[in-house]
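Here the chain labels run A, B and C in written order, and each chain numbers its own residues starting at 1.
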Amino acid sequence: MRLSYSSAVGFARAIDAVGNLVDEGQFKAKKEGLSLVAMDPSQISMVIFSMPKGIFSEYQSENEVLGLDIDYFKKVLRRGKTDEKITLETEENRLILTFEGGKRKRTFKIPLLDLTEGVSKEPSIEYNNRIKLVADALNELINDAKLISTHIRLVLTPDGLRAEVKSESGELNVDIEKDDEAVAEISVENGARASFPLQYLEDIMKAAKGTEPVTLYLETDRPLKLEYNIEGALAKYYLAPRIETE
Amino acid sequence: MRLSYSSAVGFARAIDAVGNLVDEGQFKAKKEGLSLVAMDPSQISMVIFSMPKGIFSEYQSENEVLGLDIDYFKKVLRRGKTDEKITLETEENRLILTFEGGKRKRTFKIPLLDLTEGVSKEPSIEYNNRIKLVADALNELINDAKLISTHIRLVLTPDGLRAEVKSESGELNVDIEKDDEAVAEISVENGARASFPLQYLEDIMKAAKGTEPVTLYLETDRPLKLEYNIEGALAKYYLAPRIETE
Amino acid sequence: MRLSYSSAVGFARAIDAVGNLVDEGQFKAKKEGLSLVAMDPSQISMVIFSMPKGIFSEYQSENEVLGLDIDYFKKVLRRGKTDEKITLETEENRLILTFEGGKRKRTFKIPLLDLTEGVSKEPSIEYNNRIKLVADALNELINDAKLISTHIRLVLTPDGLRAEVKSESGELNVDIEKDDEAVAEISVENGARASFPLQYLEDIMKAAKGTEPVTLYLETDRPLKLEYNIEGALAKYYLAPRIETE
């Protein structure tokens, strides 16, 4: 296996989309690209991450599996500098990461782990309600909501996205209307509402910043699907709802 | 009650002048403006804070009392963004804070507390010595002094302000002369000297920054009076002296 | 004794070159300049620091010894501001530090300690291999290496500097070739290799930043000698190698 990506910093950012949720996991370097499907340790959220072959400057692989301590992998990736490219190779039970820029070449070798593959299959849910908005609108919402509770209720209607948060500490209501400048697209059939744990939503969104668009798919009391592109990779998440019994 | 202030960020800054000293307190929304008189929990310092009606873009109130967890109030206020205005309303036993900017509207509702009113009366002391100087000159003094002791001795003479700090760790002397560029005004009758706990002085000054002017009123072994304007509000403080018995 | 240095901030930076390694120590204000020779508490590294008389704006001293809590000395020095000069004087068992800028004058007095002088003599080693490179190239190397181990192996050859780091966590190899833009000079006779503890190397380099040049002298399994100029002072270090027994 030999994969090169032209920006070491960009590659690190893309992997952040996985690493904020998953501690260790199996990347698969298939013919069509690099991917990872994993659930967080508490099995409340799932990430489906893929970097298509085409965004690499070099891509050679025959179905290799890379079991990695993702936290450590991320720390090594963060050593990449702006003007460097990164190359990933395997050598027996190790992953070789080479940073190259100017005259200098830095080579890290880190252990590949023998992980048992979890059974992670993408849920097949038909979503009829979605909204695409800039990442920071959602990030701000999460930060607002954290002041009040550990959960957030999202309500998607043809008029826009409404967030409702309630606890003994107080209450929060935010309306992001469909003609708000943060909203890029909205498509709502019957509308939907569901509650989600803020901590997971925050981890999912940690790699998405600024005005980069994020798409939310919502069905009443079903998992939230959230996806965004990051440095040419696609990060797709499912987050289990919190069913409120009253 | 309904009060609107054109800058949510500015309003948060003004409330910081209270919140660094007091954990919970009763704001009063009288006809003439919003105010709070409170002592810190250890009763060493008093803050008298007032925002006149005129600096609000909208002001309607008939003597309402708002008992608040000021620390939490501040956290919510900090969620305000640069281009937003803020509106405060009451609804039964809750305070409604609405941030509005562009198309978006965010509404926080936080509990009003049923606090017993402390007996806080502004001390009637006649001050004959005062100096007005830029906030950072005093802030720097506090930071210098903290390296040596937990108390600072302030000496005001017609020549300027002198700070003396002594402990086993060493000694500090700073002279801010009357023609120092940090001094805006000085008016000294007989001169005065007194010692004060640095931690309180630091909390009092936390909201005053940069070249904003601060006025100190000093009488020998009497409370320090310190006041400054912040975002149209007036923050006035009294700080008990430490009487040195030798 | 009376020493004045035109930039209080610059003086603080120079003393940082000592203070990151040594907790307390004896500065000597000899006729030719201010100096300190000390070993770190664990006796693994030695610093030989000197500020020649000529870089002071005023220098009067007859062999005074200043025993100092260097950590506290540094904290006081950090209170210096950009436009201030600093003057050091002794008064009985105290060191007087005066910061002056504009109209204001701040005087700190801190205790002089009665330290027993350690026997610190500069090792007499003949070095035949050296490389001069920008500080950040070495700083980056240290940060890379810390991800893998607590020690780093440096290999100096006519081709350049090679760093090798190995542990159970992985492996790192970095080549800084002789024509790398970070390399200012290289002079290698037979080549040399030795291993050093990263924590000490990091402390030694803490005051050296950016593109400032640093010279490394290396002999196989002998102490590393490292030196750099900082604000007109010369900071020279020796760091004991870690002898690997296999």
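Note that a contact is a pair of C-beta atoms (placed from the backbone, for glycine too) under 8 Å apart; a residue touches a chain by one contact, two chains touch by 3 or more.
These figures come from a predicted structure and were not determined experimentally.
*Asks:* Between chain A and chain B, two copies of one chain sequence, what rotation angle (nearest 5 degrees) aligns their Cα atoms?
*Replies:* 120
*Asks:* Given that chain B and chain C are copies and touch, would you call their interface same or different according to whether over half of its residue numbers are shared?
*Replies:* different
*Asks:* When the centre of a chain is set as the mean of its C-alpha atoms, what distance in Å lies between chain B and chain C?
*Replies:* 44
*Asks:* Counting only residues that touch at least two other chains, what does the list for chain B look like?
*Replies:* Nothing qualifies.
*Asks:* Would you tell me which residues of chain A are touching chain C in their complex?
*Replies:* Residues in contact with chain C: 72, 75-76, 79, 81, 94, 102-111.
*Asks:* Can you check the complex and tell me which residues of chain C touch chain A?
*Replies:* Contact set of chain C toward chain A: 140, 143-144, 147-148, 168-177, 179-182.
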